[in-house]
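Note that the chains are named A, B, C and D in the order they appear, and that numbering of residues resets to 1 at the start of each chain.
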């Protein structure tokens, strides 16, 4: 891999460099009769980062026991500008304590590996590759010794090998995604009943009978939020039905871009329902780009216009209950869906038909029955299956492992799943 | 700011607070005034934020910096932003798509690895972690670890879309529903205190504004509102009698 | 025309999607710069979007006033509220505090106009929480009972008097209210929340894939 | 009779609103002094820590809350400041969220005069800073490289109480009162890294999440919500907003519980 080659070349350059300058440094700083050396002391670039961190390595030897170290860094020259970057005791900061997974970093307990965050040491923002010099002061009792000087450059790397687990998972998911989606069949696939979505017809029908409007509140999300995208999908289907029933819908907006998109969608829905003449520009109204004034005004509108049905579908924060409770007080049928987990309890208690979390994403597929979308639902189910199986399998493995005392199993599993 | 302005401020703040609260009794002209003022003030607040935090430092200054690269990096999003305005001309309104498609791609791309990392891998890890030293746990901790793992699986099963929830599947998804109920109940109950504290804070401010220092602002406004509602009630019932 | 209306926008989504995706795996400064630029672009585009909203808001209320529609008088207050924030902002150059920490005009408008309105709207939730609780925590089924118990324990155990009641009624169990709350939040409630979160995460990943590869394009309208 | 009781199920919700208003308003006007005897270990720890500091030592108070969480957190901050003033401990106030500057002004409007304290000698208020991690790490070497001036633009070094202070070595402890995740930064970057004792004051909701930090001793103590504030006020024997607040919360919570029990009883026996 490219990384390793960079590492190796850096290593070669550095070792040659440090061996070249070591004698000089040794001569300069050798006042004490007993000499302590660091074995295999080297400065490297810290791998897989954007180039702000260097790495110092040396072997642990017996004579270093109960010593302590003070790491010195200079970016000017090996003679001046030394800044203390780190101090620690022997046994700390060994290579197995570096926060990188086993496939990306050799975790040798008998080697010190000290990352040096140049940003923090120099207290300035680093914008390009920085060459630096490093040496270590070894303090043992009252004596202190200085090691040879090593140097390297902290450079930006091109691949985060520590995130390989994430990348593999992503590739796996996308392959499954493409296989399932490209085999989408024309005949309808089974989707389990989602009560909240079945109620849409009932709600619109009732509003039509009573001659009252329908409110569709898309929440305070911006267009790039997944819940808002899902909401525009449901809006399309709801608007189509409203057009068919020749009822009246109102969509109050928080975000102007979402309004732009919603206008197109509602217009399209009316055209598809063959009622383009019933479409009005004031179906989508902009209210306010401020959370609570939006809530206040929508509350006011609901209590004045007394809609027979209210939809709250999209991204909601504290206004969830502000809207749902006013809707409930005028006796509207309320259908609500959001993926914000901590607002779900309020929709669940105050509304008639809640769509819980993921059900919102399924709404588009459920209502349109479009094969491509339905098959994407299968991918979602597959993902859940993967989760369930891995939890079951890994926990079983861990339980057996802890019974049989398998060393390293839990740390290996942890590193595979850990986010770096 | 002079003392007088602070007292005036207290009167305005007390009035607006009480006007919004009056909605709890019923919709009324005072609430409507506060509500519309709030829309304007909310938009005004954002307007000045956008003007002083985005328009000036991020658009105006780079454009005047004379650095062609910086200017270029502002002109592109500015054109994309302007394309949104085609919304007002129905014939070419499709151009506004260009204004947000890049945002859609950008945020969709960002969402995937982060979603996999924090909500997928991390959650598996969190669920299985207690099992790594399973036999050194107390029986109660063992029970808890198993409950979380099994509960999570049941809840996920409830969300399965392509399987009909019948027979054993129904039982599993039912167990999942119980876990959801506990989450909903607990999360609801947990929020109660925070909301009550907020209300306490509002009331405390109102009580503060009703002190002599502010010439009893909140007290006078409460009296005024009460009189209004009484008068309206009497007037309305009188009107009803006449119409009967 | 289809090229401009559909294909190019979809290509933009694809390209930006893949580049953003890759930036997670590339630690180099370039990917950081890319994210910074995207952030700035997002800010600028949404700033223009805000003006789109402002224009439609002003237009709608202007029409109400011109047509003397029902309640047109209230529409005047939209403009008043706007000016009451914007004029002070211009006078005090967008700063809320003077160097001597006294309020500027904008600071005054924020503290006595915007803030009470926001905070009051937020605090109205306390009233709605009580009426929702009254209506919906009725034990009609076993599921509703579980919902009720979880909420009840959390409400009771949070206040000192509640803890005293708990100790009086359930003291013999040697479990304190705090421990019961910790258990509910830490164990069964975590399972419920985690299930929702994982479902949502997978749904979000799949939806993002659909967007990047142009399978989900409802947001572009249909023609 | 039965029908009248049944009507309770569909009671006009405005009566509920009225009850809630009274249950919160009355304790504000006339504190009931409901029992709040138990004092949690974590609050006691904060109190003990500050109480045992030698006179004249300096602590940092990072006050990072805005009006939305102020009802819970402002009483905590008030109690801490009162305690420090009583013990003649000097306070350095920092903030990392812009919304809290007004609240900090409010806090120091009257308190110092009551305890005969002077700005610059007994306490100092530093200006708002945006980048918390950079600031709190940098303060380990030299705080003047970040804060040259105080919030009134006076040269910070010229203030009497700053004479002996250059970095964390001269600071005895940090109290961070916040409704955000800023406390996590203090724990991770200052407590763990530089060994300065960190204590927190948080909202009742986020209190649960800090269990692990307390257990491992990364947090020396924690004040949680209004109850924590009330407990602290009891400890320093200065009942204030926390005490009346917890009264109000007690009554309001009991009201909710009574209402949901009542609606269930009515449903069971009369339907």
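Going forward, a residue touches a chain if its C-beta (ideal position, glycine included) is under 8 Å from a C-beta of that chain, and two chains touch if they have at least 3 such contacts.
Only a predicted model underlies this, so the values are computations on that prediction, with no experimental measurement involved.
Novice: Starting from the Cα centroid of subunit C, hunt down the chain whose centroid lies farthest away.
Specialist: D
Novice: Quick check: more C-beta contact pairs in A-B or C-D?
Specialist: Between the two chain pairs, A-B has more contacting C-beta pairs.
Novice: Take the average of all CA coordinates in subunit A, do the same for subunit D, and state the distance between these two points in whole angstrom.
Specialist: One centre to the other, that is 31 Å.
Novice: In whole angstrom, what separates the CA-based centres of subunit A and subunit B?
Specialist: Each chain's C-alpha centroid was found; their separation is 21 Å.
Novice: Report, in whole Å, the distance between the mean C-alpha point of subunit B and the mean C-alpha point of subunit D.
Specialist: Here subunit B and subunit D have centroids separated by 24 Å.
Novice: Two or more other chains in contact with one residue: find those residues in subunit B.
Specialist: 20, 23-24, 32, 34-36, 38-39, 41-43, 45-46, 84, 87, 99-100, 103-104, 106-108, 111-113, 116, 118, 120, 123, 127, 149, 152, 156, 159, 180, 183-185, 187-188, 190-193, 196, 198-199, 201 - these are the residues of subunit B that touch more than one other chain.
Novice: Where in subunit A do residues touch two or more of the other chains?
Specialist: 163, 166-167, 170, 173, 223, 226, 229, 256-257, 260-261, 264, 287-290, 292-293, 296, 329, 344, 346, 349, 356-358, 362, 380, 383-384, 387
Novice: By residue number and range, which residues of subunit C touch two or more other chains?
Specialist: If we look for residues of subunit C contacting two or more partner chains, we find 21, 24-25, 46, 49-50, 52-53, 57, 107, 111, 115, 117-119, 121-122, 124-127, 129, 131, 133, 135, 137, 147-148, 151-152, 155, 158-159, 185, 193, 196-200, 202, 204-205, 207-209, 211, 219-221, 223.
Novice: Could you pull out which subunit B residues touch subunit D in their complex?
Specialist: 24-25, 190-194, 196-201, 203-204, 207
Novice: Can you list the subunit C residues touching subunit D in their complex?
Specialist: Result: residues 96-97, 99-101, 107, 111, 115, 119, 122, 126-127, 129-131, 133-135, 137-140, 148, 151-152, 155-156, 158-164, 181-182, 185 of subunit C touch subunit D.
Novice: Applying the document's contact rule, which stretches of subunit C touch subunit B when the two form their complex?
Specialist: So the residues of subunit C touching subunit B come out as 5, 8-10, 12-25, 37-38, 40-55, 57, 71, 74-86, 89-90, 93-94, 102-104, 106-127, 129, 133, 143-144, 146-155, 158-159, 183-202, 204-205, 207-209, 211-212, 219-221, 223.
Novice: How about subunit A: which of its residues touch subunit C in the complex?
Specialist: Touching subunit C from subunit A are residues 48-51, 127, 156-160, 163, 166-167, 170, 173-174, 177, 181, 222-223, 226, 229-230, 232-233, 236, 253, 255-257, 259-261, 264-265, 267-268, 282, 285-293, 295-296, 318, 321-322, 324-326, 328-329, 339, 341, 344, 346, 349-350, 356-358, 360-362, 364, 372-373, 376, 379-380, 383-384, 387.
Novice: Going by the contact rule at the top, pick out the subunit D residues touching subunit C in the complex.
Specialist: Residue list for subunit D touching subunit C: 11, 13, 16-17, 20, 34-38, 67-68, 98, 101-102, 105, 151-153, 204, 208, 211, 225, 227, 230, 246, 249-250, 252-257, 259-260, 263-264, 267.
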